[in-house]
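Order as written gives the chain letters A, B, C and D; numbering starts at 1 within each chain.
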Amino acid sequence: MTFWNNPINFIGYWLNGVLTGWHLPAVLATLLIYVIGIIVMILFAMTLDIGLVWVERKVVARFQDRLGPNRIGPFGLIQPVADIIKMVIKEDITPDGADKIVYNIAPVLAATSVIVLWAILPLASTIYGVDLNVGLLFIVAAGALGTLAIIMAGWSSNNKYALLGAFRMVSNMISYEIPMVIILLIPTILADTMSVRGITQAQSGMWFAILSPLALLIFLISAIAELGRSPFDLNEAESEIVAGFHIEYTGMKFGWFYAGELLHAFTFGGFIAILFFGGYGGFFGLEKLAAFAWLNIPFVQALVFIAKAMFGYWVIMWVKYSVPRIRIDHMLAFNWKFLVPLSLVVLVNTALLNKILIVLPNWLYVLGMFGSNIVIGYVTVEILRAYGRKQRKAEQIPDPQAHTQEQAV
Amino acid sequence: MTAEQIIFLLTGALVLGAALMVVTVRNLLHAALWLVVSLFGVAVLYAILQANFLAVVQVVVYIGAIAILFIFAVMLTRREAMEKGRQTRNNWWIPVLLGLFILTGLVVLILSVPGVERTATALPSGLDTVQALGMALVSPDAYVLPFEVASVLMLAALVGAVYVATADKK
Amino acid sequence: MSIPLSWYLVLAAALFCVGLYGVLSRKNAIAILLGVELMLNAVNINLVAFWRYQNPTQMAGQAFAVIVFAVAAAEVAVGLALIISVYRRRKTIVADEIDLMKW
Amino acid sequence: MTNWIIWLLPLPPLLAFFAIILFTNKNKALSHGIAVAAAGLSWLGSMVVFIKAVGTEEFGKHVFESAINWLPTGATWLQIGVRVDPLTAVVLFFVAWTVLAIFVYSIGYNNFGQPKGDHDLAGLQPHGATVNENGHTHIVPSIEPMYARFFAFISLFAFGMFTLVVSNNLLTLFVGWEIMGLCSYLLIGFWYGKKSARDAAIKAFMTTRIGDVFMLLGIAFVYSFTGSLSFKDIFQPQMLQALASTPAFLGLSAAGIIGLLLFIGTVGKSAQWPLHVWLPDAMEGPTPVSAMIHAATMVSAGVYMAIRIYPLLSLDAHTMTVVAFIGSFTALFAATIAVAQNDIKKVLAYSTISQLGFMIAALGVHAYVAAAFHLVTHAFFKALLFLDSGSVIHGMEHGVLHTGEHVDAQDMFNMGGLRKKMPITFWTFLIGGMALSGFPVLTAGFWSKDAIFAEAFGSGHLLVFIVLALAAFLTAFYTMRQITLTFFGEGRTKAAEHASETTWTMTLPLVVLAVFAVGVGWVGMPAWFTGGLVPDWFHEFVGGTLSQVPEAVAFNWIPVATSLVVALGGLLCGWLAYRKVTAPAEDRLQIPLLKNKYYFDEIYAFLFVRPAIWIAEKFTSLYMDQVVIDGILHSLARFSLFLGHAFRNYFDKPVINEFIADGTGKAIKASGSGLRKIQAGRIQYYMVVSIVILVVFAFIYYFLKLGM
């Protein structure tokens, strides 16, 4: 066990040695090491978050045909730091009639709900917090915490816009949790495990994105909804409810929400990478070749993972900055009438085909899975088209009354 | 006093304290939030008991669904929730006595059971509790029937809730 | 590993009694439901503890805990729906005031 | 493996029956597709079994048999199962072939592919449809209205036959037997619109029922005696010994009684005198049905059963005498009637009866193998003949529809000269006819009949021999008569001149069956003809069914000469007598006694039917029912009425109403108004109460437990 192939355990081992060398009881030592590990993990996430602020702003700028932050530091790299300083020194307001405790807990909880996700996020084959055998459910649980945080924030601000925003957000999250959970079952079926690492390793041969592209699509959509980003950002629709659930928050409390959202987005990019693009590994068996052994070095893997996560994150941003917001009833209808049934169909299809085709040679198996998804997608699109046509026909019936009035005028 | 015991005692204290807050605080929304805390503590207990699945599901179901439902209900019936009067009935002492009585009885009973002081043995190696639970829930010679019945119950509850809660249009 | 079974049982008993107190003493119907939730959880703790301490390969405890989850969810959904519709009609959710069913 | 096939043999037709009845009855093509496919499957299976059977050495010693427990009878089980021994194998062979042929034939016979009739009704024969072909309209045969139903019925029929053949015990044999009885009823009355068809159906059903009842008695007797119904157990030597040695009443042994009872079943099923009356009327049904019932399956089933129980039958000399007598008498008697019939199908019907008589008679003179042999050959050529007659009728009907002239399409005197019109039918009919009349050497009929003669003569039953010889002569005679009237000479009606050959679905089965009608005889050539070069395969094979193979009778020139003479002589006479005849008037044999079948129907009507009706109307209805039974019922009613009044006035009103009912009501009311205070409508109040009570009881229980 060297530092290079198993850094976490190596450090842990070393620390343990040191602490017990200081005559600490073993129990305390382990506890201490766990605490340290947690802190390190949070710090890492947060630093990454600072980077994300920069990335986000740059990408937005490019999408909106601007330059973005470029004054402070090379390419404005120091800009986020400036932002943070600004937030910290801003006045921290707690409005009258607000439910103080809840109001103050909410942002922390919001950020926590994101950070806990990092406990199961495997940066590399040996760099990860824990390897839960219920990892995927853990994601959902964390999402539940996020929901709670938002509703707490919205309610405790004692502000109708905040409450409305919270209601919207919660209805949004709860309803989009359903397709997400259903879709999370698909990697579970394909990899025969809910452990995130297990899923990653199961994709060393073939990405699940290829075995089930529809699942990837649905997961992406519901993830965006879960994040409450455009086009599902009704919780903070400026034009309607000013800023939604965090309308009353200022300074670093707002900062928590903001940071939380960015990190959340990136984390979901990471989960997309893990669930569908083979996470830190998954070069279609390339890494098994001796020539590419260097791909298995943990740090390389971590870099690979971050790159893939960035890709997912970028897609999310892409959607956010190019798709307009949709109305809430449309959003819920889209979920209940389209996304949930479709995801159920995909789930059943995957479950059946996976059992049936597994006997076939590998390439046929992959082909079958992919083809089936394509077929389902095509059929869905056709159905939608037919439905749309029908609606258009229904709307285009000319109203003679109006016509005559026009003539009268 | 091992680390585990410390954790257990902390969690237990959290659970019980939160539960007490649930039944005593006046602000109903706080009560709901305290419920969340208490249930989270229960989830931790499950984790200590190495029932990962249950721990996570506890969080998903109770905090993600039930607590949210409660909070919604509280908000929808805001007028009541916000009124700052006493939230307990006049003869609140009867339940107190009853509770204490039952508690003592139960504790006496529990402690009188032989072998109740024993500690758990390590899980048999190679036992994937999640997989085993899944098997148990769907294998015909185990609990598939209760499982299915429960799912039917869920469906019925769903329909009923929707029907009851929709404002009757007049 | 090092926790006696009795601790769980006692904790569960205490939680149960607290919930019972809540159920019996609170005016507000929603609060009563909260108490019920506590009691259900107490039961679950027992189930899981026994699963862990008796025979972990025999999944009865966990299975029934799951079923209790389902039942709890159903109970809350229906209960709250009822409360809300009662609130719509009678503008109250105080359990004692909802006594149409008496003689 | 083979046993599996045997078990599954009857299944496809049954499935086809249900499939057609339940699902596909709207779609004609699909229906007959299913039916034929099912028949084909059973055919395939039968062939496999047959070939395996032939391939097995000493097959008679180790037959295919498997049984399962069916009904628990106290300690033991009543077993049912399947058994294929040499006899079954050959029967299976011809059943499979004929059934398949008939199924295919039915497609054409029911005018598949023809237009729907102008005014066809379900339950009536198709009357033809008017089609407009390039300008001029003309009438063509129309498709059967109940097409799918027909195939469903014959499928069920086939199921019954296969079940009967492969079953290894009397019970399932009887089941198949009865299923066929039902199907014959359904199929004879297929055109239930016609009164004649209805009556014929009922007649057939009732008449065979008489036989079946006795057969059931016989089965019961067997079971009560031997405690088993499977042939294996019954035919054990010691069991047979016991049966033969146990005296029953009438000076007959148990074996004799059982044999007689079962044989009466055969008499009914195979239309032997005196239960023969149903068969000619059964010609009302569609021709494939006639072929099915009267050649291939049902009547053969009777004989098959008789042959099957031969070991039992042969135990008692008296029984054998009865069998021999009935057989030979029926043979002659039916032949004489057949001579005078003009309906082409009726002739065949009576010839069937007489041929079956041959078999029974053969059995009666212990000619086991000969009987089986004739059963097989007859099944082939008689099926062929029936299908041919159907084809002829079809052609005639075509002519009738074409010319619009109203003549009976079945009356031979309306035919003539058809050999040019329908060559295939003619040649196949000729072959069949020759086989029937036992045209020497070539045809199957010759060999089987010759075998019977030889056995009868060899075993010294001279009377039987002579009677059968006469019958054979008549057979040849009326066969030639039929051929001459139908095919030779000139068409006597416009319809006959416009008759046309039928579709391939009808002619193909004819050709196939014709091949067998000739070929199947050669497997049974006796040693004296082949000079021992080829052993008498059939004799060896089927004889193996019995415990020891019966030795072939020594060659004797008398029977051979006889069969030659009667066959050729009969044919010649027939030809001479009828080559010029053009009208019934010129037929010298149209004497009333024969035409009216010795007035048997009338006699039965007088002896049984009318008395029955008289008893029903005069005695049972008027006296028994209206006076005795009604009287009893009425008095009962009065009594109970009186009783009811008494109860009401002296018990119900005062005691029940006043005291119990109202009293209870009042009491409950009072207590309720007292108790209702408790129901506060407050859940928590309820909960507290209930929990307190619970706790109290828990504690009581706990301390009691400690106390113990």
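We adopt the following convention: contacts are C-beta pairs under 8 Å (C-beta built on N, C-alpha and C of every residue); 3 or more make two chains touch, one makes a residue touch a chain.
It should be emphasised that the depicted structure is a prediction, and the values quoted were computed from it without experimental measurement.
By the touching criterion, once chain D is set aside and every other chain stays in place, the chains still form one piece. A comparison of the C-D and B-C interfaces places the larger number of contacting C-beta pairs at B-C.
Distance from the chain A centre to the chain C centre is 33 Å, each centre being the mean of its Cα atoms.
Separation between the centroids of chain C and chain D, computed from CA atoms only, is 73 Å. We define each chain's centre as the mean of its Cα atoms; on that basis chain B and chain C are separated by 6 Å. Rounded to a whole number, the gap between the C-alpha centres of chain B and chain D is 74 angstrom.
In chain B, the residues that touch at least two other chains are 2, 53, 57, 65, 72, 89, 94-95, 98, 102, 129. Across the assembly, chain C contributes residues 20, 23-25, 96 that each touch 2 or more other chains.
The complete set of chain-chain contacts reads A-B, B-C, B-D, C-D.
Residues 1-11, 13-28, 30-31, 33-35, 37-38, 41, 44-45, 48-49, 51-53, 56-57, 59-60, 62-67, 69-78, 80-85, 87-88, 91-94, 96 of chain C are the ones that touch chain B when the two sit in their complex. Across the complex, chain B meets chain C through its residues 2, 4-5, 8, 12, 15-16, 19-20, 22-23, 28, 31-32, 35, 38-39, 42, 45-46, 48-51, 53-54, 57-58, 61-62, 65-66, 69-70, 72-74, 76-77, 79-81, 86-89, 92, 94-96, 98-100, 102-103, 106-107, 110-111, 116-124, 127, 129, 132-133, 135-137, 142-143, 146-147, 150-151, 153-154, 156-158, 160-162, 164-165, 167.
Remark: chain C residues 20, 23-25, 32, 95-96, 99-103 touch chain D in the complex. Residues of chain A that touch chain B in their complex: 27, 30-31, 99, 102, 132-134, 137-138, 140-141, 143-145, 147-148, 151-152, 155, 163, 170, 174, 177, 194. Of all residues in chain D, only 676, 679-684, 687-688, 691 touch chain C in the complex they form.
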